[in-house]
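Below you will find the structure I want to go over with you.
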Amino acid sequence: MPASPGPAAPALTHLDPSGAARMVDVSGKEVTARSAVAAAEVHTTPEVLAALRRDGLPKGDALATARLAGIMGAKRTPDLIPLCHPITLHSVAVTLTPHDTGVAITATTRTADRTGVEMEALTAVATAGLALIDMIKALDPAATLDAVRVLRKDGGATGPWTRP
Amino acid sequence: MPASPGPAAPALTHLDPSGAARMVDVSGKEVTARSAVAAAEVHTTPEVLAALRRDGLPKGDALATARLAGIMGAKRTPDLIPLCHPITLHSVAVTLTPHDTGVAITATTRTADRTGVEMEALTAVATAGLALIDMIKALDPAATLDAVRVLRKDGGATGPWTRP
Amino acid sequence: MPASPGPAAPALTHLDPSGAARMVDVSGKEVTARSAVAAAEVHTTPEVLAALRRDGLPKGDALATARLAGIMGAKRTPDLIPLCHPITLHSVAVTLTPHDTGVAITATTRTADRTGVEMEALTAVATAGLALIDMIKALDPAATLDAVRVLRKDGGATGPWTRP
Amino acid sequence: MPASPGPAAPALTHLDPSGAARMVDVSGKEVTARSAVAAAEVHTTPEVLAALRRDGLPKGDALATARLAGIMGAKRTPDLIPLCHPITLHSVAVTLTPHDTGVAITATTRTADRTGVEMEALTAVATAGLALIDMIKALDPAATLDAVRVLRKDGGATGPWTRP
Amino acid sequence: MPASPGPAAPALTHLDPSGAARMVDVSGKEVTARSAVAAAEVHTTPEVLAALRRDGLPKGDALATARLAGIMGAKRTPDLIPLCHPITLHSVAVTLTPHDTGVAITATTRTADRTGVEMEALTAVATAGLALIDMIKALDPAATLDAVRVLRKDGGATGPWTRP
Amino acid sequence: MPASPGPAAPALTHLDPSGAARMVDVSGKEVTARSAVAAAEVHTTPEVLAALRRDGLPKGDALATARLAGIMGAKRTPDLIPLCHPITLHSVAVTLTPHDTGVAITATTRTADRTGVEMEALTAVATAGLALIDMIKALDPAATLDAVRVLRKDGGATGPWTRP
């Protein structure tokens, strides 16, 4: 019965008891140092990977552009994710590493606030990946962004979490 | 040799001959009707999928919130993707369908402009997926966004393309 | 019956047949000159109205600030209103006129596009009104924005409409 | 005399002594828990209210879309209201309740900062109202947003205030 | 007399006859191809210029970051400049060239619209310059952005203009 | 050798040891009261300066518009400057003073945070200057923004700095 799930049913925290979306109240949470690491993969052709590696020796605008997009994307998280709290980020670092079958992307975010920064890390890797796809799509219209996920987070009441 | 790839080497169109990023000039392109369809998957636990289905019968705020995030994300594409052209979108539709192992997301975008709308479709599905992960992450911190990809695009000089 | 209203029931155009929100497809609509006029009222105390009039002789920053907020707010319409199409505005003019019992606000917007500009005009007067309230709220915390409404619109398939 | 009002004349706090707009300095204010409740009304036709109630049983995208617009609008307050301070919101909740003659909207905002959150609450109800009007305007071009006002605020040096 | 300058007095086009700011109506203007070139200089120490040149061989993130900031800044022009029309840019290119006494910045913008793109070019060079200063300010807190100016513009009723 | 400058070479703090751009980690920095003053000049013709002074007696929309643009621009700093931290500004004041050969612009910004506010002050004067140029460019297409620079900053580990 939609309106009254059994007592064991998990609740989506962003919905109030009537099912309406809300920005959950974090007033009661403690300000603690928090960090998160997220990762993703862009899968593309060997031809494109070779072009990126050429561009990437030693450093090139394609990867620099995607990295910047990731850093700036992290700052836009509360604009993009409807129920995310606006927070003040202390640090964002994004890496893009071309390898044999794709480009590995990671983002690390830090703050001291009442709420975690994993959405900022996820938005950073996703935006970096989309920006990279934008630059390679003329060569590979089938390029794919995969495995956008949190690797680790730390801080807050729930303590450290590492992806199993 | 980084600075002078052989004649057969593919070029990244968003880089000028010196390797600098630029917003490519589309002045010479024709204004034509253009459309794109992109898709993605959010993978999560059976427990969360059950909660989304309850919420989703008949319609619920979690899926509605992600759908809205996708539509609004499409409009933010030129803010997020550094070298994307600002365009006027004629239509954006986003669907989220919970199934046995995840939630399938699609986005269809349309315009009449000098440049395609596949980045808008990709940004829509990625933003919808991130918004969904934001709402389920308390239940499943390992939720993953996968397979963000273009399925089809149409219009412009290159004509229709369907994912092989 | 929610899922199948009778044949005479009016449909909300921003919802698809399943009830999901979408940005409606305007591809098939003609590009025509379109304009809209909206209005609103800010109701406040005689004391505040006197202060605004002093400031307003001949011109002052409080009214200028609200006017600018309205013009800039019109440009942010597609960011704020989830299902609004991004369009290119040709003109926005906002007036604020203090009178005996409040401040009358009007906005006129123009474009040549496939979709109307009444939301831009409404957003302009609402934002101007909110900006004015922000500046007077220390003197009158009960200041109220009322009667945010379209007065006229013109252009498009439906032709001119004047508020009855 | 515009430039030198008598000693008893109330001053607009957002203007400096010369009348120029400024973002007032809150450095000296204490960080305290602050909250605000604002409300508004959208007046429309019985026909539209019936459509919204159908959509609203149990929950529907039209009301969910307006609710989301309100939550996201609250986060855009410092972008829209020229002299508002950027703050970190702890919580935003928006309700929309269709009744006999219209739709009642409320918003509750919370933070711990040096400045109040009533503009965030007002922006939330106004944006929710405008988003709702956007979705019903094809059915009722005369729909009106009324009575955008603060009901209560709490916290800060001035203490609690309730609308008389 | 402020309110009635003599017949020969030049008028600021963004003010209406009463002196109020407005976004001027360009409905009557023709859609033509338009372009603009703007330039600026960042003046800094030989020490910083040496560091930028090292970074800049062959390409480095400091200059790439400033270039991207310029391109993205061009797209934010209507958000930043209150009376600028939102337009669809066809092309933005930004160069940064370290030389003996500073870094020369240029931006070229193109569109086909009813209004020129010189503000977009100016915003691009200014934003690129500010982004560069942000990265060098720890080494040179006195770094200065100078000579932000239009070099050339073309298109529209007034035809080509070249800086004398 | 680009990749390994000698031990005495100054480092650009926004680049990591490999040269990649990053938002530097300020987690370890203390929250202290911080302020900055920046200035700039807009150079234009005597004819335009006369028009601005007429408009500016006592106050006019052209200068008010530029002042507002500066205040709002300060709030957009983290959106524009890729590696800037998002912070909560406590105060922004902008002045524009027409004089014999141009318009002098200053901005003062304040916060209590882990990072300084000189980029916010610089962005305020640059945006105010660009907004002013936008309004006078029909009369003087050669108007120039010059000498965008920090005059003073205070707070943080490095203590007060005054432009030599």
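Going in written order, the chains are labelled A, B, C, D, E and F, and every chain counts its residues from 1.
Everything that follows uses one rule, which is that a residue touches a chain if its C-beta (ideal position, glycine included) is under 8 Å from a C-beta of that chain, and two chains touch if they have at least 3 such contacts.
Remember, predicted model here, so these are calculated numbers, not experimental data.
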Shortest contact path, chain A to chain E, counted in steps: 1
Message: What's the distance between the Cα centroids of chain D and chain E, rounded to whole Å?
response: 35
Task: Please work out the Cα centroid separation of chain E and chain F, and write it as a whole number of Å.
output: 15
Task: Round to the nearest whole Å and give the separation of the Cα centres of chain A and chain D.
output: 31
Statement: Multi-chain contacts in chain C, i.e. residues touching at least two other chains, fall at 2, 19-21, 58-61, 64-65, 67-68, 72, 76, 79, 82-83, 87-88
- line: Chain-chain contacts, ordered by label, are A-B, A-D, A-E, A-F, B-C, B-D, B-E, C-D, C-E, C-F, D-F, E-F
Message: Taking the touch rule as given, give the residues of chain E at its contact with chain A in the complex, in rising order.
response: 58-61, 64-65, 67-68, 72
Query: Given the complex with chain F, which residues does chain D contribute to the contact?
result: 2-3, 16, 18-27, 78-79, 82-83, 85-88, 113-114
- line: Touching chain D in the complex, chain C uses residues 2, 5, 9-15, 19-21, 40, 47-48, 50-52, 54-55, 57, 60-62, 64-65, 68-69, 72-73, 76, 79-84, 118-119, 122-123, 126-127, 129-131, 133-139, 141-150, 153, 161, 163-164
- prompt: What does chain E use to touch chain B in their complex?
  reply: 33, 58-59, 64, 67-68, 71-72, 74-76, 87-95, 110-112
